[in-house]
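Here the structure comes first, spelled out in structure tokens, and everything after it is commentary.
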């Protein structure tokens, strides 16, 4: 070994004078590393969960937790196949409803809700469901915690639509009810959950302390399914939800009232733009609840283009209904914007995932591009605030 | 196997018929009527899209391995024609879904509009080839029979989505 | 509907005279399609199984069956996680040894061999294994049918190395034996299986009618593990196997003899090339058994470059040890060649998968590029003849 | 947790020690010796590779999120430093492998060669970020302790591979 070291030193001296000048050959050797498991830093509103459907390998979807300030991944939650997800009101638990098979993608399948501690990204428990769980597009409303965090509403589609109620403390399914063909679970009040229906109404069901239905009501019809349907990818607002339609009408829903009420819809587009500029993608709107800023991925296209991502982000004041800004996506670099989410703090970051699997981080007030993170999985179709 | 398919389709139709009035689910035949009410909107937009699609290949509209194939106007997923199947047959070892979503597509060769059933083929993991997403007349999941986002393998013994086929049902509105 | 049809006709007449001229408006409508399941055509030696590790989603690996003449996929076998695979001597069954979890990629895990009928691509049965199966690089020798098709040798690594013997008819594990740290399963004679060892020897074990070991022998040392190790990715030959070393030595092994014998090694490279041109990739050699043509993916590189794919395919006559041809890979278009396989018929096709997930089909005699199939999965690391 | 890790490492070492003589498996400490016998080959080739790597970034050799980081000379897989961990810590919710493969890497900052243990982090599916494959001194699977193709999560409760870390063990040959 001694001779060997001399040879090496000679080679270094001959070939790499810069390297040896920088080195301190007589310094103490580096101490051994300590193998450990990283802990998550203190939570930040600038974190974002990026849902990767992994469309070419759909049994292996996942949520990637990303730090929008440090521009790095913080960890991963495995989410199986066509998952639903819901964050507990206290923020400490990510509930994931998903499907697993005994043999990868075949054999017996099991529907289950798994609970992950968001502070350790470890699974802490599960509830097995009937194998009837909704396997639909990723939204934050295939599954929903009740506002008091006592229950989880889990949507079913067989194709008949229904809902299961899970008692969070008992970790078991305690009730089921039919939803008259209405889909998704928008929680409000203490124990009410609303679904969106083919007749353009909301169905709202209230459950009691045991999770069983005690009341149901249809709202008035608030949109026209044939002429201008709303996307189910809605954004939560201070008083309820905001929906946007294929043609760019904004339908706010107030869920703090005894029955859902509907402020007058307003339009993202003027008469000349209508039908030519449209919202589109897999998560086309994001709302900053306290600032009232609405971000929409917009593209130019006609009927049937509602899943085309945005070439621009249009920014609105949701209170005055005025457009504040239009931010252009560098299509050559990133492709269209398919999903958008905004952090809910006073210095908001706007996260935009693109069809080339890039996650863009923009200043939510100025639109300045702060970072572009390439290769955020295969198909980052949905973004969730922590 | 064909017998089994027929039984599945029959069961699905009955299932739909039983539930249509109550929960508004529009199935195989319900969707035909619904599609008809959409027709006034279609000629202009469809023409526009057809022209936009032309640069991708003169015969693409007739090629079942191309996303521009005319029957695929509301398909969403991997084309079975690229996965070992054809435009209307599932790849070996997979099973077609008995329930479907519905589109209405214009056939440029005869100028007619046809009703098309989009069945998923199920039981193996994502094929991954020829990903294709077209949405003429497609609606959100609350209008389920016109929705192509739901996993239509949901009612199969194995709900694992592999790819999608297009099955001509007949001329629209007849 | 009538009025509607008139409007549509008018629009077509106004906007698309070419389309209407081509159309036959009074022709009979197209008949309804018949929904069916495709059958595989008659088998062809020009089919190839492309193993996709799906490295970014490793629980969802698969074998894609591809037709090298029709240039199309024929179907898919799901292969789970880090699989081994072996084709039955009669060609009718693909055995896949793999690992599944009760919850996608977590929960209880199960090691299992699944049997797929190669004529229908349907799973016909399985054998559950102890959870000790080798999870190594994809080769055709993590699992191996005995030559008489009665048993399957399944390799284990815990990291202790051993082998399990599965009775194919009984579909159960009937025996296990330690392999003294030697790995892989190269079947020969009726009931013998050889493994490759750290001491540069082969260990050969013979089993009886019940699958139990009745003899074991170490061969002579046939390569130098320190100075020039051989790749475990060997190619089957008429008499046994062919291995190639990091520096390009060809080590043939004759397994038809009572004990393995080793013809004199020969070199793929001349003195000037040695150490500068090297074999490399994930499956660096392919042998046409009857024509005796050896194909090697070669690159320019130094120590540690043995997984770099080939910039060229070098073609040798394995009988005369003469190089016949050098075929250059279009690196700008396809990236390096990581895996190579040749069909075993008289008009051989050479299949080459590249680091950009393209499958190239070349004329095996002239090297002419016949087809380039893009997007053959994520990571097509290994190619198997039908 | 640290206690558990220590126990795992201790168990692994013992396991290796028990089996080394019989089946030639070279583990944590066996590999150190093996690595030493390889050293005569290393200076020239390593120098060549270091120079080739330089164009990818002046500081890449010091950046744990770069495949060119000096400690990664025999790593194969996703860099945990890109997955929520660091160069020597696993991401939250994953578990390090108690068994490892070994490399010997040259540190350009002090001119020394170090022994490095490459542990896999296990229990979640493929991280997918920063895929990195370097093979200085890497050997085929029959020399297991120098092989980076085997799934080193093989002996974990959950053998699902997520990413890889590099753990400095000490100066090589000392």
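In this document, chain identifiers A, B, C and D correspond to the written order of the chains, with residue numbering beginning at 1 in each.
Here is the rule we use: contacts are C-beta pairs under 8 Å (C-beta built on N, C-alpha and C of every residue); 3 or more make two chains touch, one makes a residue touch a chain.
These numbers come from a predicted model, not from an experiment.
A.B. asks: Can you give the whole-Å distance between the Cα centres of subunit B and subunit D?
C.D. replies: One centre to the other, that is 50 Å.
A.B. asks: Could you work out how far the Cα centre of subunit B sits from that of subunit C, in whole Å?
C.D. replies: So the centroids are 35 Å from each other.
A.B. asks: Using CA atom averages as chain centres, what separation in Å is found between subunit C and subunit D?
C.D. replies: Centre-to-centre distance between subunit C and subunit D: 28 Å.
A.B. asks: Could you tell me which residues belong to subunit D and also touch two or more other chains?
C.D. replies: 42, 124-126, 128
A.B. asks: At least two partner chains per residue is the criterion; list those residues in subunit A.
C.D. replies: 56-57, 59-60, 78, 81, 101, 104-106, 123, 377
A.B. asks: Draw the chains as dots and join the ones that touch; what shape do you get: line, ring, star, complete or other?
C.D. replies: Topology of the interface graph: other, matching no listed pattern.
A.B. asks: For this entry, which pairs of chains touch?
C.D. replies: A-B, A-C, A-D, B-C, C-D
A.B. asks: Sort out for me which residues of subunit A touch subunit B in the complex.
C.D. replies: Interface residues on the subunit A side: 55-59, 81-82, 99, 101, 104-106, 109, 131, 134-137, 157-161, 178-184, 196-199, 225-226, 229-232, 302-307.
A.B. asks: So in the complex, which bits of subunit A are touching subunit C?
C.D. replies: Per the touch definition, subunit A meets subunit C at residues 54, 56-57, 59-60, 78, 80-81, 98, 100-107, 110, 112, 114, 123, 126, 377-378.
A.B. asks: Quick one: which bits of subunit D touch subunit A in the complex? Just the residue numbers, please.
C.D. replies: 1-2, 5, 9, 36, 39-40, 42-44, 47, 65, 82-96, 107-114, 117, 119, 124-129, 162, 165-171, 173
A.B. asks: Subunit C touches which residues of subunit D in the complex?
C.D. replies: For subunit D paired with subunit C, touching residues are 19, 22-26, 37-38, 41-42, 45-46, 48-49, 73-74, 76, 99, 123-126, 128, 131, 133-144, 149-151, 153-155, 158-161.
A.B. asks: Spell out the residues on subunit A that touch subunit D in their complex, using ranges where they run on.
C.D. replies: 1, 4, 7-9, 11-12, 15-16, 19-20, 22-25, 27, 29-40, 60, 62, 65, 72-78, 116, 120-123, 375, 377
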